[in-house]
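Presented sequentially are two complexes of subunit A, the first with subunit B as partner and the second with subunit C.
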Partner chain A sequence: MISPIVLEVCVVCLGIFLLMAESFSVKSNKVVLAHGAIFGLLSVFVMSFFIEANPAQMQSSGFYVVDGLSLFFKRFALLSTIITLILAVDYLPIVQRLVPSAKPGAGTGEFFVLPVFTCAGLMWMASAADFIVIFCALELVTISLYVQVAYMRRSLASLEAGTKFLILGALSTGFFVYGITWIFGMTGQTGLAEIQRNLTINTEANQMAILFGLGMVLVALGFKIAAAPFQFWVPDVYQGAPTPITAYLAVASKAAGFLILIRVLEPFFTVVAFQPKLILVLALLSGLTLIYGNLAAIPQTNFKRLLGYSSIAHAGYLLAGLAAIGDAFAGRAVVFYLCGYFLMTFLAFLVLIPVTKATGGDDIAHFNGLGRRSPTLALAMLIAAASLAGVPFTVGFFGKFFIFESIINQHFYGLALIGIVTVASGFYYYFKVIRAMYWMPPAEDAAPVTISRLSKSAMLICAILIVVLGCYPQLLMRILP
Partner chain B sequence: MPTLAHYLIVSGLLFALGMAGVLLRRNLLIIFMGLELMLNAANLSLVAFSRFNLGPDGMPNYNAQVFVFFIITVAAAEVAVGLAIIVALYRAKQTTHVEDLNTLKF
Partner chain C sequence: MQLVLFWIFSLLMLLSAMGVVFFRNPVSSAMSLVLSFIALAAVFVTLDAFFIAVVQVLVYAGAVMVLFLFIIMLLDLREEKRRRVRLSAWLGGGLVVGGFISALLKVVLSLPALFVEKPALSHPLANDIEQVGYNLFRNFNLPFQVIGVLLLVATVGVVLLSKKELK
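For the complex of A and B:
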């Protein structure tokens, strides 16, 4: 049996090893690095099935928890990093063109290595049980993502996206730390379990100060998960960042934000005085996010930007699930939604990259006539868009269905109404992509669309899983924590 | 004799100053200085809380003081990456003003 922390250590060692290999090898073909990283992460994924469940020394440390949820999110992080690397291999020609280098191919190695470090941060975050660990893991993820977003130094859009992400990310870090300070000041502890204990023993502690600190932390996490009104960085950063990194931000970074949100809110939900206030705040945030994300997506013409707004909208559904956390089923509904979101978002990005390579852009207009030029890609995109919109027989439908079920069980009828209306508006903007693919004539000078074998198999797996889980959601439900 | 409240007021002022810098100034470097000020405000109040709220055994909770070192280290890493991005932006655009960041539009 393997100790649980070995997983993270292995991922960090893999990253350092790949960096060394990158610096000292004479080979200029950096794709080998990506294949090494994918293989290494896959081995860690396999290892994660053989770890010791809940060893005693980890339980008593108070810094690191090993439970079903943390293990599940570690696998989630590993798989999303693997797909990001597959996307990155496909995207390499564009990165090479936009990175200044002395000789062709130089300066692109780190593009494959940085996601590995981000993955280690995500995995630590999944197990963090103390504000110190949460902070360090969160910063490992965020700082390595700053570099990745601004990676294409000859593209003004990428640099600008990186700068905006940097300023707003650092701002949210400031809020996060200051919030932690007040929570520490009022409870005297940094560990989440000890905070929970102190909150239940010491009920006359200054509640205003604790709520102030918690509010600051919520603002910071709102930035990370892209909840309105802290969502304004999302469209710009999603559009400007290299496409694989956009996918990574949309899936892994958001899922990690939600996990931290669940973990941080847990001690405070047990206090009777806080619970109704927190649920009200979550429900309000969710309603705002749903309305903003879905309405602002309607006029978009750039596909990456559209996916940015759509990811805001999905954050709204997930927050609605969190607001209904009193329902016994809501936690699993949120995790199920995240899994579905993982599949359909990555599938959309897997299709987007070959299209960008063939047509030179990522507007919706670049999808024109894809149905004739490459029927399989168009079919994959059709499945992704249908699932994102929530058409029945896709995993997206059941994700939304389970969330609505829990919010109606908790009697949030207003929120459920907003949710159903915004789903309808979602149909409209995802349909724009489908219309471009099947009803518009292709551009005259379009190059043929080619797909690499690796991304073709990833696409196939995602598409099949979306449809299969859309018909038999209990297959996934059974293995969720 | 300064009390906990004095430290908290200074730290709150530092935080507000930092945030005002981020929101009001238009130069990226000054904005970045504001961000660092916000982190240091948190450091000050962490140490103050830890020093003044002693545990039952008369010892402060040292977790918070160690946390301060982590924050300082992370802030240094953030500055290293952040300044590199700002320098790259300056090379490409010859400006560090936020108004000039207008390539990405609705």
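For the complex of A and C:
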């Protein structure tokens, strides 16, 4: 048996190796770096199956835990990084144009290396069982993402997105640390297991202060998962960032935020006095996020911005699942939803990049007539949009279905009502894309759409999984932690 | 004696921190931030945390603030002076700050520990540099390594984002 921390060490070593290879190689074509990174991460993914989940055994003095959930999220992080790299290979010509380089191809190698380090941070986050490690890993993820968002320095939109993300990210970090200090001050511990032990013996008078600290932590995590009212950075950052990084932010960063939220809330849910208050806060946040995300998505004309608002809306459904955590099934419903969200969001981005390359933009109008110009791409987009909207026989439908089931089991009828109404509005804005693809005539000067073999196979896998899991959700349900 | 010093330095720290926000001139803001850091270092000294106090002065008041000042010198300061803050921004900001302070006061006043006589600070004769080093490399080794990776990524990122032409 190998020690579980070997996984992260391998990923970091891979990143350092690629950085070295980048700086010493004379080749101007950096795609080989991406292929190396994809291959390396795939081997780490395979390696992760040789590690046994053992929640009792705490590594490195209680900082690091390896249970089913953390192993699952490590694989989630690895796979999402791999797909991001596939997207990045496709997106390379656009990055090349917008990076100030002395010779062709210079300065694009790091575009493939930085996600590897982000992946290591995400994997550490998956195993973190202590506020200190959570904080360090979270910073590793966000700081590497700041760089990746602002990567296309000649594009003003990318720079603006990077600056906004940096300033609001720093603000949320401030909230996070402040909350941790309050919790540490009241319990004297930073480890989540010790905090749980301490909470049960803590006096009632200290509860308000602990809740205040937890509230600050919730604000910070609200920024990370893009829950309303902490969502205002999302549209601009999603639109301005390089498209692969937008996908990475939407999937991996959000999933990691939810994992940390589950981990942090776990000890507090066990205390009877905290439980109703926390559930109320989560339900309120969820309702607000659902309404804001879905309504604000309706008038959007840019596809990346639309996906930004849609990612806010999905955060709302996931928060609703967390609010229903009293239901035994809710935890798995949330994880199932995240997996479905992974598939459909990446599929949408996999289609978006070839379309952007062919038409030169990422507005919904650029999808006009795609059904005629490239029927396979249009079909993939149809599946992604249908699944994002929650049409039956797609994984998106069952994701929402399981969440609503848990909410109704917990008798949150108001939240369920908001959820159902907002799903209806979701149908409207996702179908705008489908309308553009099949009912609008293509532009006169539209270039032919080409897809690389790598992204074609990724697209195929995502699309098939969406439909198969939409018919047999048990397949995934059985292997969830 | 210790209590008097604590009040003096923490008041100085808070006042100069407010100065950072309220000064119109960015150089004055930066200088009051230096003052705030130095006062914070003094508070650390009263708590026997000598190493942290020294690092506070060396790293923050020294290195970080010098960089800040350089950046301020490179910016166009007149534009910042000419900027008018809108009333709605004032109101919104005031609302958030007011709500936050009232919540904080409510929480602090609810603490029973606030009204209990505290024991005097004990002065263990420990070498605090040794303690910090021991903790970093032994107990907190994993977060320390994560921070190491973070610094590597930050260095690469700074070069990527600031170099005029990438080679």
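The definition used in the following text is that the second predicted complex is superposed on the first by the 471 of 481 C-alpha atoms of A that agree within 3 Å, B and C clash if a C-alpha of one lies under 4 Å from a C-alpha of the other, contacts with A are read in each partner's own complex, and residues count from 1 in each chain.
By our rule, a residue touches a chain if its C-beta (ideal position, glycine included) is under 8 Å from a C-beta of that chain, and two chains touch if they have at least 3 such contacts.
In this text the structure is predicted, and so the values were computed from the model without any measurement.
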### Task
Considering only the touch criterion stated at the top, classify A:Glu160 as touching first (subunit B), second (subunit C), both, or neither.
first
### Message
Between subunit B and subunit C, whom does A:Gln239 touch in the aligned arrangement: first, second, both, or neither?
### Response
first
### Task
Tell me which partner A:Phe212 touches in the superposition: subunit B (first), subunit C (second), both or neither.
second
### Query
Thinking of the overlay built on chain A, is A:Ala328 touched by subunit B (first), by subunit C (second), by both, or by neither?
neither
### Message
By the touch definition at the top of the document, which applies to A:Ala150: first (subunit B), second (subunit C), both, or neither?
### Response
both
### Query
In the superposed arrangement, which partner chain does A:Ala170 touch: subunit B (first), subunit C (second), both, or neither?
first
### Message
Per the contact definition in the header, classify A:Cys136: touching subunit B only (first), subunit C only (second), both, or neither.
### Response
both
### Task
Considering only the touch criterion stated at the top, classify A:Val26 as touching first (subunit B), second (subunit C), both, or neither.
neither
### Query
After superposition on the shared chain, which partner residues are touched by A:Ser101: those of subunit B (first), subunit C (second), both, or neither?
second
### Message
Going by the contact definition given at the top, which residues of subunit A touch subunit B in one complex and subunit C in the other?
### Response
130, 132, 135-136, 139, 143, 146-147, 150, 153, 162
#### Entry: Partner subunit B, residues of subunit A touching it in the complex
130-132, 135-136, 139, 143, 146-147, 150, 153-154, 156-157, 159-164, 166-167, 170-171, 173-175, 177-178, 180-182, 184-185, 188-191, 235-236, 239-240
#### Entry: Interface residues, subunit A side, partner subunit C - complex
5, 12, 16, 19, 59-61, 63-64, 99-103, 106-107, 110, 113-114, 117, 120-121, 124, 130, 132-133, 135-137, 139-140, 143-144, 146-147, 150-151, 153, 162, 203, 205-206, 208-209, 212
### Query
In the complex formed with subunit A, which residues of subunit C make contact?
103-104, 106-108, 110-113, 139-143, 146-147, 149-150, 152-154, 156-157, 160-161, 164-167
### Query
Quick one: in the complex, what on subunit B touches subunit A?
8, 11, 15, 18-19, 22, 28, 31-32, 35, 38-39, 41-42, 45-46, 49-50, 53, 55, 61, 63-64, 66-67, 70-71, 74, 77-78, 81-82, 85-86, 88-89, 91-93, 101, 103-104, 106
